[in-house]
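Look at the two complexes coming up: chain A is in both, with chain B in one and chain C in the other.
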Partner chain A sequence: MTDPPVESVRVGRGAALWSVAAAVCMAISVAGSYWIAPEDVEGPIQRLVFLHVPIAVVSLIAFGVACVAGLMYLRTRSQRWDDIVVVSCGLGLLFTVLAMITGSIWAKAFWGTWWSWQDARLVTYLIIGLIYAAFFVLRSSSDSGAQARFSAVFAVVAFASIPLSFWAVRTAESAIHPVALDRNGLQMDGPTALWFVIGHVAMTVVFIALLKVELLQRQMERRLSSIRLALEESAQ
Partner chain B sequence: MNDYIVASFVVVWFVLLMYLAVIAMRTAKMSREVELLSRVLARGATESEIPPAP
Partner chain C sequence: MSRSLRQIRALVRKDLWLEMRTRDTVVAMGLFVVIAMVILQFGFGTRETDLTRFAGGLLWVPITFAAVLGVGRSYVAEREQRVLDGLLVAPTSRFAMLIARAISITGYLLVVELVAIPLLGVFFVRGPYWGSVGWIALAALLADVAIGVLGTLVASMAVFTRARELVMPVIFLPLLLPVVVAAAGATHAVVGGHDMTSYTRYCVFLVGFSVLFALVAFATYEAVFDD
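Up next is the complex of A and B:
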């Protein structure tokens, strides 16, 4: 057997390093937010902020990455950008579901209810999740020739829902969801803010690690299927 | 109150672990396929070395 291509080895090492960094960052963040970070007036339930908010923010970052990758695909028609669109949308949706689950648990503990249809932030976030769930329905139902183009256009257009949702939340008067960051800056004191930022860094590193691993897998799957095809052709 | 926090952390860790398990299963499937293809290649190479019958 020949040695694997240098590019694959480099990408593989990169994914492994990011995975180790993700595990270390998550361990530090979880331990810090659970045992070290100080409690505020909300009591112990406020610790969920260190988990819930970074997950929600990273879901929006993932959709932003998908939007940029979609634009790059439309410009270059490179398969790699299509892979990033699909993987980012998938990870964004995963983080959206996690943010909604952790948010519901917080709401049950703090408000006494799992969900509130009166809150603009909750409802618009749910709509964003549903829009990106539709991405996979569209992708699987379109023919293979136009699949990547449709996905790229969808990722770009769907991203418009995020600033729209922010605008809707800011203008709505029915919002009961607490705000961590507003025009006056971060609404928390020093040590709490530190663990809040560490939580964001950890979750971003987890997203990058999962993105790298998934991209590597898609690349390997494509390479394998091309080898399989070449073997079948040579056998005939 | 603590139960809610623990439940949230458990849900997040469980989902991430499930995600990793799916990735690991896909990697295992790919490695099986690589194994199979390398056997097919090795067999093809052996057959091409056998001289044709006179």
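Up next is the complex of A and C:
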């Protein structure tokens, strides 16, 4: 049995620092978006955009991280990359569900319905959510020898399907979703755009903090089971 | 002929021979499609004879579910008779294995569609249909290739999991949704009226889907069989 290694302490400190940064960034972002940013002609419900869009964007970032980690796992076979794959997919799925819930609330306020099959992005997020939920079914049903390998391959396959889902659904339906960012840049005025960008930064920091904490937890769980195993062996 | 092509040809021939001897998979898939179409008719709760506006779904929902069954079934010999062990020990390229299986699955689906596409016209469409059968068949061929490539990649993981009967549809169907959207859209475009602009867009999408997943499979398939 070994002493708690310096690495664990460093990782733990990193997770704590990112968590504090996430709390501060979110506090600034929420306060700015709800009290400082100018109110839109469409009323206070429009402020949901400061939360909804960053959540949706960060979910895609999480899936991108999972894909890169998957490719890295296939190259290196390092446990650490497998941890990043599974944690990123989990967080991405969580953010996808949150994006759908916030989107749904917005849809109820503006379109009078909780769900619209004509909204390409809402439908695409549902498809993406189903794909990444399936990731966990595959993972939990795989044998331990193949689990990390299958997870890595699936993370790459699933990420490749994201642009295809957007493409397919967009081809099927006319887009009625409001667009904040197009080829001409951000479609909002200066102060609103500022808080919109801050919202994205804050949500990204939240994602990094959650990722760090989850990774640390997985690392600690493994260490705990190895200690337990060593104790059982020494007791025999 | 290059070595890979010879390997692909031998593997496809093996799959088709096995299928011709047992006729397990294709017959069951064809029957399944007919049953599913009948269930859909009653499931709609209507005795209307003209369901043209649902033509895309009436064709592609049964085919999609039949594809899940067929893809899973096509790995039975690999798993139960340990054919896979033999293939992995032989100096066979993993990618050749994937391409060969994708070709076999595409072949199975084409046979099933020989029944399904005419049946769609007989059962559900009242109005001009037979003139658009060629266009539907072309979209079906493109969709079958996409299903074959993706199905092979997914099935080679799913069939080696514990709850494979459940895992296969749960992981395959969501990934297949864009293909269903495009294939049903293309069918609808030509059956409900000749909207060739939409039809072309959907077909381009189906080609893009197959190409992208072939690249993804090329990059990752080796890793699926790592043991």
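Convention: the second predicted complex is superposed on the first by the 224 of 236 C-alpha atoms of A that agree within 3 Å, B and C clash if a C-alpha of one lies under 4 Å from a C-alpha of the other, contacts with A are read in each partner's own complex, and residues count from 1 in each chain.
In this section, contacts are C-beta pairs under 8 Å (C-beta built on N, C-alpha and C of every residue); 3 or more make two chains touch, one makes a residue touch a chain.
Keep in mind that this is a model prediction, so the values were computed, not measured.
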First (chain B), second (chain C), both or neither touched by A:Trp167: second
Which superposed partner A:Trp111 touches (first chain B, second chain C, both, neither): neither
Which superposed partner A:Gln217 touches (first chain B, second chain C, both, neither): first
Set intersection of chain A contacts, chain C complex versus chain B complex: none
Residues of chain A touching chain C in the complex: 71, 74, 127, 130-131, 133-135, 137-138, 141-143, 145-146, 149-150, 152-154, 156-158, 160-161, 164-165, 167-169, 171-172
Chain A partner contacts - residues on chain B that touch it in the complex: 1-2, 4-5, 7-9, 11-12, 15-16, 19, 23, 26-27, 30, 33-34, 37-38, 40-41, 44
Chain A residues touching chain B - in the complex, by the definition given at the top: 1, 30, 34, 43-45, 47-48, 51-52, 55, 94, 97-98, 101-102, 105-106, 108-109, 206, 210, 213-214, 217, 220-221, 224, 227-228, 231, 234-235
Touch list for chain C against partner chain A, complex: 153-154, 157-158, 160-164, 166-167, 170-171, 174-175, 177-179, 181-182, 185, 198, 201-202, 205, 208-209, 212-213, 216, 219-220, 223-224, 226-227
